[in-house]
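Can you keep this structure in mind? I'll have questions shortly.
Labels A, B, C, D, E and F are assigned to the chains in the order they are written; within every chain, residues are numbered from 1.
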Amino acid sequence: MTVSRPSGRASDQLRTISIERHYTRHAEGSVLVAFGDTRVLCTASIEDRMPLWLRGKGEGWVTAEYGMLPRATATRTQREATRGSQGGRTMEIQRLIGRSLRACVDRQALGERVVTLDCDVIQADGGTRTAAITGAYVALVDAVNSLMKRENLRRNPIIGAVAAVSVGVYQGMPVLDLDYAEDAHCDTDMNVVMNDGGGIIEVQGTAEGHAFRRSEMDAMLDLAEKGITELVGLQRAALELG
Amino acid sequence: MTVSRPSGRASDQLRTISIERHYTRHAEGSVLVAFGDTRVLCTASIEDRMPLWLRGKGEGWVTAEYGMLPRATATRTQREATRGSQGGRTMEIQRLIGRSLRACVDRQALGERVVTLDCDVIQADGGTRTAAITGAYVALVDAVNSLMKRENLRRNPIIGAVAAVSVGVYQGMPVLDLDYAEDAHCDTDMNVVMNDGGGIIEVQGTAEGHAFRRSEMDAMLDLAEKGITELVGLQRAALELG
Amino acid sequence: MTVSRPSGRASDQLRTISIERHYTRHAEGSVLVAFGDTRVLCTASIEDRMPLWLRGKGEGWVTAEYGMLPRATATRTQREATRGSQGGRTMEIQRLIGRSLRACVDRQALGERVVTLDCDVIQADGGTRTAAITGAYVALVDAVNSLMKRENLRRNPIIGAVAAVSVGVYQGMPVLDLDYAEDAHCDTDMNVVMNDGGGIIEVQGTAEGHAFRRSEMDAMLDLAEKGITELVGLQRAALELG
Amino acid sequence: MTVSRPSGRASDQLRTISIERHYTRHAEGSVLVAFGDTRVLCTASIEDRMPLWLRGKGEGWVTAEYGMLPRATATRTQREATRGSQGGRTMEIQRLIGRSLRACVDRQALGERVVTLDCDVIQADGGTRTAAITGAYVALVDAVNSLMKRENLRRNPIIGAVAAVSVGVYQGMPVLDLDYAEDAHCDTDMNVVMNDGGGIIEVQGTAEGHAFRRSEMDAMLDLAEKGITELVGLQRAALELG
Amino acid sequence: MTVSRPSGRASDQLRTISIERHYTRHAEGSVLVAFGDTRVLCTASIEDRMPLWLRGKGEGWVTAEYGMLPRATATRTQREATRGSQGGRTMEIQRLIGRSLRACVDRQALGERVVTLDCDVIQADGGTRTAAITGAYVALVDAVNSLMKRENLRRNPIIGAVAAVSVGVYQGMPVLDLDYAEDAHCDTDMNVVMNDGGGIIEVQGTAEGHAFRRSEMDAMLDLAEKGITELVGLQRAALELG
Amino acid sequence: MTVSRPSGRASDQLRTISIERHYTRHAEGSVLVAFGDTRVLCTASIEDRMPLWLRGKGEGWVTAEYGMLPRATATRTQREATRGSQGGRTMEIQRLIGRSLRACVDRQALGERVVTLDCDVIQADGGTRTAAITGAYVALVDAVNSLMKRENLRRNPIIGAVAAVSVGVYQGMPVLDLDYAEDAHCDTDMNVVMNDGGGIIEVQGTAEGHAFRRSEMDAMLDLAEKGITELVGLQRAALELG
């Protein structure tokens, strides 16, 4: 395969990843995550008031909201607050983030609390949802750790790690962690969320140009597994800094 | 494997499928599709006015809207028109239906026209989105055929067939075409959209209980392929009735 | 009078009416009613939670919601859930349905429960609101009967029957039960709701082309009374099937 | 019949009616109408820009909007602008006002212009919609007259007069022009709109307590005819003041 | 200075002011205030139910809502209830009115009650917000007095008087109480709210054409102080009429 | 005066100010401004499509939108996109920012273009609106400079500089540039916008605790003038970095 990626990266190479904790001071967890030029601010907020439908069940909830600053994108995007509602893409992404993070939380151990993960894209260059999940995990751990210091929880509500990456088929070649230049021209695009034990939490694959084969799917899943293993390592390293 | 499904079906067995064309008289295509007790009315409407962002490009558009009658469900669901907006689940589903059907349409051949696929759930028992995609395909073909009779299109805009089915892991056993009783208690749920050439158009898998393994994913994809092959046969049979 | 109706019906002749009970399985009452080509699905849902303003008064409430599938009409109508609100026509109709059905319910006997009548038009050919009222009555009776089997009500909350029909003046001739071809060209259009004792519950008459005379009004009311007597008979026959 | 009305009026007696023209200075027509303690400000605005669906047809449009100041009522009503939408009652009323006034306008003669009748209730004591129609007619005539002075219309777009009144059955006695004390306790309530030739434009009757008989309906229509004849006289007298 | 104002008024002269109490009968306080051709209906409504965030604190709340009838203005303004939300200007004004009136209320003395000041502009000719504040004060006093007659309050919740006026620089000359003809062409526009002790409650100054100097600001504040002293005298005179 | 500020600053001392240009890469101007712990991202976007009401007038427009990330604040604030509308405070602030920046733009020189200034608060600690105005000015200059390089403008649309600061009376002492700890407990709060020639563009003063005297107002305006002179110097220094 002699196809070369616009960024010059190897097909199985992540962009430069950075995870900056304590980025803002009010939130219980606050992480600025960068996947190359994609930058997402992830904050975790813990509140005691539960939604009505969950009260009195002795377990907590984890939810997410996603937003994009109007000029995170190449041309200005209308502010959803001005439009009067969140669009379908936003809803889809924040539902995905919420489901993904709930997969690493023991809701009984959390107790009757809600953790809200706000993921706001400061600058977009492809892969904002996978960066958001990867960063939100670190913010969540920080928030839960501060909770455990404050309150007397019986056990740690965090059960394992969660990270996400996009994979795709670019000009016939399976590639890892697409940036915008690739994303806009690839045939197939798949977002994969996995835990640190190699278990799959979410797979969302879409054929953009033409339908894809099982063999392509297998190659993409292999790449995703490799990438997520690296991301979990980077999350761990960031969290060890204390 | 000695697990038995609530419905008594074999693990690779579809529910009883029916596809009733010309169900209502105004729409260019109108299909009542049933996957067991799940019943969805799919209509295809062809209109000449294009959305602004597509005008003058010489190609058409295919979009979908999804709705659920308030009492399609076991307990009454609030009407979205009363609530004032479509929920996240609705948006996610209608975006999926639209993307899936666009995969079998040559938009240049369609010309500057919009086809809207309205999928309204009359009765829900699991798998409404996969039934919707499968039925909407038939409505789309009927609508395009009526268009071809009326107008002088250069070539048929329909390129292949599209169908969808859900698969999951129920009590450890991979199963095809989940009904509500299974869906509510399964560990993993995956919706697969494929074309009649065995190409994958969409895969959306979610771990409900615990993360799933690559081997489970493979087994589910095998089941999906088998089911979709049968569904494409049923679509073809329905369309041959004329 | 030698005017002939587009349908060939006599001036005092209803369209073919059908009332199909148990049309869907989840609702306490579920009726598909057809007035010719007009088809409306009417479901009755009984819920225990009362609106705030009625709590603790020891009596129930009956309310209605009306919707139209986007392609129930000759050209596609925008979905109200997408538009973000119900239109004035929808509100007017659902308020009429609610008031009409409350006229046959003893709200003390019902107890602190809400019955919601959802009337969704599957196919429209004129007279959807009168078909909805006529069908919703049967769904309501089915729902209340199932409630009486389950709970120990002191007395039957249903007091009499309610049905509705449209009448109009078409090319100078008073006619019963207008279909769309007549409705679109008539001079005057009136919807009448009556009970089985011949009492008038609602009259809504509108001059479309020119103002109407008392004599025309009298002729229309006579036709309505005849039509409603027949409809009440058809409701009774449907309910006797058990 | 020895029933006495709360106001001491005879059963066929209108409240004190006043029609004050030129109440505010900006609108082309501006009328403060009072039916007893019910006071409604009716303004008529003429604009050249047509709604999209009517452009280029060579005819005009007449439409109405209705509002209620928050403290027009005995207890404060939430402002619809704050709530974010107009309620069903408001929509129903403004649709009625618009239809009623269109019945006295020759839309071809009006030319491509929109007349908007804004009817805002300053103080409510029953019968706000009938007062609004009666007052809006006078505002409409003033606005059209000012238009005719300014522009060279071929013929007067106003064809006849329109007025409205409520009638009801109060403690078994048919009565004219209900005030709130009667309206809140009457068995039947009917709004009637007629033209100056005695033709009926709208009839909207609702049984509040129990269904009503044809004989009651006839008595109410007689009262309405008498009341509207008086109202048309009062409109004419007001307009002659110049 | 030889500049003359469009109205012929002296630079420090208010328009003709009138304050008409008991303008409508339902509200606890109801005042029609006129600053020249600007006419605003101000009603004060007292309710016992507190907003959630204030319950149980033993103190009351004063809030305001502002509206403009569609044809209060020279050309018709769209109704905010139709548009679906209040505009930024409306929100800004009603927040200002609320803050201003809270400055003269002892919320502990008021007890757990909400006073809502509805200010609806019947006719606009500049200075609607300052007229609204000046009139709302009188409505508030009337409402609180009626409350004190009904309930046993320990002390009068009204602490001093509040009035407001606009000032500006018109063709280089500082002027008091701008009407629309001045407002539309002035260089600077400032709204000042003061109490009867000469204390400043709000100052909102905006350079329309070019930035203004401290000396201009001083001249405007002097005019405002003179005007507000007169307005407080007129409020007192109106309230003494009983 | 021996009152000491929570931060230990002198009464006429600004917080540490930083202005970081080119903070994100897509916008024509992108500035992260910090007033102590208050951090606001200001982007300037230039677009060619004008709002309808300004088309064909040969002049441009400058507008602003303001947002707050949910966890910019000590406790989580609901996202306005989720709520479905911008609140009154947001609207008030973005209107102020827009007016302030328009004061330094020659709209004829700009030509038919819209500049949108998006000011998003990343972290809040008092004074977000004055930081936003001060930062947005720098983003605006960067955007206009890039426009002048690209297009052949006849003259520079930027006419002077604009900056803003808050002043207040804290425990009786007039102070400059309030942080949250002061803002929450001060008696009076005033936002002042000035240009680099010492002209006043906006003054918005509010008595929080009790009304303020002219002498206090004078002292606050003196402080504001001093602070804005320093801010204009910092803007100039930042822009000279190139």
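Keep in mind that, in the parts below, contacts are C-beta pairs under 8 Å (C-beta built on N, C-alpha and C of every residue); 3 or more make two chains touch, one makes a residue touch a chain.
These are the chains along with the protein names UniProt gives them: A, B, C, D, E, F = Ribonuclease PH.
These figures come from a predicted structure and were not determined experimentally.
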Query = Can you list every chain in contact with both chain A (Ribonuclease PH) and chain E (Ribonuclease PH)?
reply = F
Inquiry  = Going only through chains that touch each other, how many steps at minimum separate chain C (Ribonuclease PH) from chain F (Ribonuclease PH)?
reply    = 3
Task = Could you pull out the chain whose C-alpha mean position is farthest off from that of chain C (Ribonuclease PH)?
result = F
Remark   = Interface repeat test, A-F vs D-E, A-B or C-D, passes over-half contact pair overlap for D-E
Message = As a quick test, compute the distance in whole Å between the mean CA positions of chain E (Ribonuclease PH) and chain F (Ribonuclease PH).
response = 28
Query = Just curious, how far off is chain F (Ribonuclease PH) from chain B (Ribonuclease PH) if you go by their C-alpha centres, in Å?
reply = 51
Remark   = Rounded to the nearest Å, the gap separating the Cα centres of chain B (Ribonuclease PH) and chain C (Ribonuclease PH) is 33
Message = Give me the residue numbers in chain E (Ribonuclease PH) that touch at least two other chains, ranges are fine.
response = 84-85
Query = Beginning the circuit at chain A (Ribonuclease PH) and going via chain F (Ribonuclease PH), which chains come one after another?
reply = A, F, E, D, C, B
Touch list for chain C (Ribonuclease PH) against partner chain B (Ribonuclease PH), complex = 24-27, 30, 37, 39, 41, 43, 45, 47, 65, 67, 69-76, 79-86, 90, 116, 118, 120, 122-124
Query = Across the complex, what residues on chain D (Ribonuclease PH) touch chain C (Ribonuclease PH)?
reply = 85, 87-89, 91-92, 94-95, 99, 103, 190, 194-195, 197-207, 210-214, 217, 221
